[in-house]
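What follows is a set of structures for review.
Look for subunit A in each of the two complexes below; its partner is subunit B in the first and subunit C in the second.
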Partner chain A sequence: MYRFLRLPILLVGLFMAVSCYAVNDSQPTLTTEDDLGPQVAQPIEFPHYRHAGNRNTVDPTNSDPTKGGMEINCQYCHTYARRSLTAGIPPLQKCIGCHQNIPSVRDKPRIVELFKYWDAKKAVPWKKVHDLPDFVRFTHERHIKRFIEQQGRPVQEVCGYCHGQVKEMVTARRQKPITMGWCVSCHMKEHVVAAKADIPEGGTPIGKQAYWYTFQKPAETKNAAGELTAKGPNDCWLCHK
Partner chain B sequence: MIDSGSEKHLAGHPFDRRDFLKVLGWSGTAVALSGCGNTSIEDGKETVVSYVEAKDYVIPGVAVYFNSTCAQCDAGCSISGKVREGRVLKLEGNPDSAINKGKMCGVGQAGVQHHYNPDRVREPLLRNGDKGETITWEKAYALIAEKLAAVKGEEIAFLTGGVSGHQKVLLGNYLDSLGTKNHFVYEAVSPGVVRAANLKAYGVEMPRYRIDKAKVVLSFGADFLGAWVSPVHFSQQYAQFRRGVDGQRGVLIQAESKMTLTGANADRWLAVRPGTEGILALGIINALGTATGDVAELVKGYDKARVSRDTGVEPSNIDKIAALLKLRSPSLVLAGSAAEGYAHGSQNAAAINLLNQVLGNVGKTIEAPVSVPFPQMSPAKGNTAALKTLNDDLAAGKYKVLFNVATNPVFTAPASYKFRDNMARAGFKVAFAHYLDETALQADLVLPLDSAMEDWGTSVPEYLTEGAQINIQQPLMERLHPNTRGLGDIVLALIKQRRADEYKGFDDYYGYLRGAMLQNKGALGGGGSDDDNFWNDTLSRGIVKLAGPSASLNASMATAGLKLPAPVEIDEHYPFQLIPSVTSSLRDGRHTNQPWLQESPDPLTTIVWDSWVEMHPKKATEMGIVEGDIVEVTSKTGSVKAQVYLFPGIYPDAVSIPIGRGHDAMGRYAKGYGVNPFQIMDSVFESATGELAMHETRVNITKTGQRVIVVKDEGPAGGMQMGRKIAARVSTDQVDLSKEV
Partner chain C sequence: MTATNLLENWASVRHFHPIDDKPHDPYKWAMAIDLDACTGCNACAVACYAENNLPVVGREKFLHGQSMHWMRIERYWEEDGREFPDQGFQFLPMMCQQCEAAPCETVCPVGATNHTQDGLNSQIYNRCIGSRYCSANCPFKVRYFNWYDYPTTENVWPAEMNRQLNPDVTVRGKGVMEKCTFCVQRLRAAEVTAKGEGRIVREGEVQTACQQACPASAISFGNLVDPESRVHKQWLTQQVDLDKDKQDKDQKEGGSDLRGYRILEELRPYPSVMYLERVRESAV
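And now, the complex of A and B:
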């Protein structure tokens, strides 16, 4: 019987098994290419495009839900993002807060469904679309402070770095790989920081701490566009606490 | 890659170990490669449940802290529970409390494991043969009403641990409504004898000890850093004491038969023959030479030679201690569980208190206690004499209904009590329980209690420090199990059966508590503020601080009746004195089912998850015993088998087994680990108070021939680690105390 256990056979079998496994599994990319996740079925088909999408400039009433959105700030509903590690799903109270005052859509199937949950005082069992392994500590707060509050970039753009064009989606779908390599690819980029003149202590962009990690230290001279830049933090422990 | 030559070579040969290792290596690499990017991400599978309505301060991912009170022991430390997403995660000390000032001990930290314990009772259980049948609360209450209707008031008995605050008031009213006065307050480990001796000497049961003000502390077995009275508070006082008063670092001398955690921290540790602590105290009074009158008369016979012979303490040490006590004032002398655990425990404690008085410490380092201005809320203090009385009454068939509120006497009563059998003589036994422990298993009806993190309550600790305070206990989160109830809620439901009219205004215990607190708003410091503000403020603080009346101390020395027996001669059949030690993590064994406490190494031996018999190395060598030998420890009452640990910090004629382990029920982390020294404890009682004399058991040690490896955290024997000495060891007789001072 041992003749069947020859090394070549074993190795070939092994590689086949591993290749099947590997094909099935998406490998990380080091780019910011879109990497579509599965379309996740949600208990209520929440139309992000209608809430966050651009207004229909042609129609002043903006009444056609297929053409125009409300341009609601992401942070109006995902209010925890700037305060906490997790962006959180807004409490049901938040949805009802507006919708009890919008009788025109009250009898739409999704809204009827929404009010069913509210009347029963039950939470909507949303499914998680963007997930990170338990050993990764990602904080929304820090990124929002850095790019929205400190640099004043548009909210939808900043959220979109990781979440994609949610304002064009119905229910959210993962568009980026959200893997470590992908995170690092952004942390390796040169990001604009405030000039030393703005922060006399020469601190980090957030909190004006007078402390830079060596690799993050902004370049002494400005780049071609006349900006001072630095890389994002790159310590293992920053995410793997 | 494997080159073709080796491949050919392999192909012609049977698959051997080398090939196997190669394949193993390749497969490892292959798996590692495919593992990249293969994480535990499960997009779209996990549910994120959002809130329906969220309070403004609730932010997912950001913790909120709620103040409450630790219920792991009776010290009454105030805690602050870290709550995130509706779950309590960790406990911290509340800095506003004068007792623990923001600090906590390991036992307190393990409180979350009490709350999340998988072995908690979750439903009311009614005995059906050997099994417990789940029943509804309505049925349980109806059953109790039915049983109580059939008996007279004096046939009902209540057994509880120490209770205070509104729960004590409500429980008292319930007992009143039943027409019974049989309330037995039982704590397996309590300073009952010291309380009685203090009452005689100072006029109060528990004065305030000011270790922080003392320049010398002489402690007779009081493990105030580990498990005595209010360890977190004393630890802070101790830190201050070591920092020093007037630039003089405090000196700690510990005299005891078995080294405690406090003994291990002492500058000088004296191994005292078990039971002779009082003789040593009188010997020191004699050596001081300052006593006059009755006291001088009393200590006349206690010269150095005799005291040294009786106690085993070198005469030179007695001189040094006396010299030090004379040199530095104020000092503080403490009587702890090692001194009180004998038939003449009161005499020991009285002699030690007398030393305090001779030294003039009363009023300086021994201060008058404060009490809350509501005497009905002050604590009912537990002792062991109560259990003795209950046990005798049960044996005599006096009680037909027995309520047991979360105490575990089947585990903590000496085997000679036969408590289990006597308990069976009560016709109907109700246990309010967190776990199905040894006692709950004997009950006919088990009522599941809320954990301390789910329940409402107020408590007044026995040992108050700076001022009077009422501690608030409030839920840190929702009930984990929907069918547990708070003690207050259960008692309220029961009292409604008797006095419906009086209590119909209260829907639940929360309502009762809020109502009772608001009624006394003015006295509780909330006069002038509106009800809701006062209540919210009280809850957010977790403590109500009060100006309480202070008792006065009696400083007169009383020597009447103070008579110490000569030390016991060695009994050849039972040559060792058994010292059941109270460890800082397990105490009386009520929390043994919290794995952190099983896992945290004993501070002196570093042993985990098991019991041990502590022996002096000299004695062990004489008997040919080495570490890890399983020995049988036999007393007149029974025997247990456990591993030996050799430890020089014990009087050579004594052996010690820690209390707390050896459960045969309670839960997966407690059952079957170690042995229970209560099973071999003789029924000897302290002569003046009737407390169980826990140190009066004499035992014999025999080898069983088995040997195990002791599971402990310390390094190899000898205190060397990688060739580096951990701590310098000097035997006590080589230390020049004058240089230490």
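And now, the complex of A and C:
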């Protein structure tokens, strides 16, 4: 009786057994073309590549000699990133503060538009590009502290982990999925703990503040170069609120 | 959490209270409430409503038992033979006890409530499917279910009033369970600041809303593993041990003069809240 069920049950059982092991090894898929966010129309077509892009002399691959970037630090305008949850949009004063001293571009259509807002004493109604759900608490501050201030990695590289190559864009567009699985794919990686040489006790302290992915306290892990590594937090309540 | 991991560590899954290889380090958030100082003024409950975006449900739903007070003042009449206006009573502020071996955590079908490394019992609203199993299993009855969509259909916060909502706390929709979080949004903000400065959160740096509002300072809150914290000192003085279901002081003959106790300790949920109260003749 029910002999015809034997094979399906066997197959289902095999599938479940295999997937139990497969889950341990699988990594979430990397960023694909589909993860591109929508092109958000901004009130002024802000050229990120012109502000943050590489300078021509430094970067010979930039074909147009007149279109080199200024290599401005991301944190010069998005100044709240290093001290709060949000990276923030700079006030109009910051744009004008530079641009009133740059007469060469003053008659360009975008700059004319910018000064219209300034003269009307109105803020530019920028649209949000990276919008997280309300139940997520993402802190820019912690990531900036960890990777830029404690490990001294280049600012544009660190911002690019989540925001992509903004320095090559005109108006910013979401390049990464910014989903939970994508966040976790990075948090589950072993990251080097060591701080920059001139910071005596920087980096993420392992041991005292290690994050546990199993029920046992993890042993210290080291990478091929012998450096101490640790995973990012996996506690639900660190990101969900 | 994979099935292999679960099976290999099954014994550890049930009891997540600290043992040698799982110490609370560097944080274990805990509370002590002095009932002899509590006047039952309800300021803590009001502060909780303001801090955590709790909807005020109104008389009818309250009578149905659908109120959403994460912090409630329970009132116990003293059976001392006196009639109502003269009859004595005692107050007990009751909120989520953040149990170390929480009964609610083990029964959640989707893992929406689990234990954090700093000893909190987390509740993830967007993961919750509203089975209400956790509430059924909670011995303290401190979990509250959203029977209605308070922000929209019930219009608890009409236009303009929604600006009082705390942006650091999710506004819960219909069909999710919620409970006291020990003001986790404040804890996380303090932890991030402290970590950026390469230290741990200092005593007094973070307060819960109820603690902040208590006019009698009956509530103290802090890091239990920090020897400098008031909570640590209180637990130590009262000889209440987090890991025990029967305190040593109560095993002694004649009992103890110390005031500290935990509610329903014998059920072994290992609660993180200690109450202090002198046993009075009239209450025995």
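Here is the rule we use: the second predicted complex is superposed on the first by the 172 of 241 C-alpha atoms of A that agree within 3 Å, B and C clash if a C-alpha of one lies under 4 Å from a C-alpha of the other, contacts with A are read in each partner's own complex, and residues count from 1 in each chain.
Criterion: a residue touches a chain if its C-beta (ideal position, glycine included) is under 8 Å from a C-beta of that chain, and two chains touch if they have at least 3 such contacts.
In this text the structure is predicted, and so the values were computed from the model without any measurement.
Engineer: Quick check for you: in the superposed arrangement, does A:179 touch first (subunit B), second (subunit C), both or neither?
Structural biologist: After superposition on chain A, A:179 lies in contact with subunit B alone.
Engineer: Between subunit B and subunit C, whom does A:236 touch in the aligned arrangement: first, second, both, or neither?
Structural biologist: second
Engineer: Where does A:40 make contact in the superposed view: on subunit B (first), on subunit C (second), on both, or on neither?
Structural biologist: In the superposition, A:40 contacts subunit B only.
Engineer: If we overlay the two complexes on their shared chain A, which of subunit B and subunit C does A:134 touch? Say first, second, both or neither.
Structural biologist: So A:134 meets both subunit B and subunit C here.
Engineer: Which chain, subunit B or subunit C, is in touch with more residues of subunit A?
Structural biologist: B
Engineer: Now for A:145: first (subunit B), second (subunit C), both, or neither, which partner does it touch?
Structural biologist: second
Engineer: Across the two complexes, what residues of subunit A are contacted by subunit B and by subunit C?
Structural biologist: 21, 133-134
Engineer: Across the complex, what residues on subunit A touch subunit B?
Structural biologist: Those in contact with subunit B are residues 2, 5-8, 10-11, 14-15, 18, 21-22, 25-28, 37-38, 40-41, 80, 83-86, 88-93, 117-118, 121-134, 174, 178-179, 181.
Engineer: Can you list the subunit A residues touching subunit C in their complex?
Structural biologist: The contact residues of subunit A facing subunit C are 20-21, 23-24, 133-135, 137, 139, 141-142, 145, 201-202, 205, 208-209, 211-212, 214-217, 235-238, 240-241.
Engineer: Spell out the part of subunit B that touches subunit A in their complex, as residue ranges.
Structural biologist: On the subunit B side, the touching residues are 2, 7, 10-11, 14-15, 19, 22-23, 26-27, 30-31, 33-34, 36-54, 59-62.
Engineer: Considering the complex alone, what residue numbers of subunit C touch subunit A?
Structural biologist: Of all residues in subunit C, those touching subunit A are 2-5, 9, 12-13, 16, 21-23, 25-26, 114, 116-117, 120, 122, 124-127, 168-171, 181, 184-185, 188, 192, 195-196, 198.
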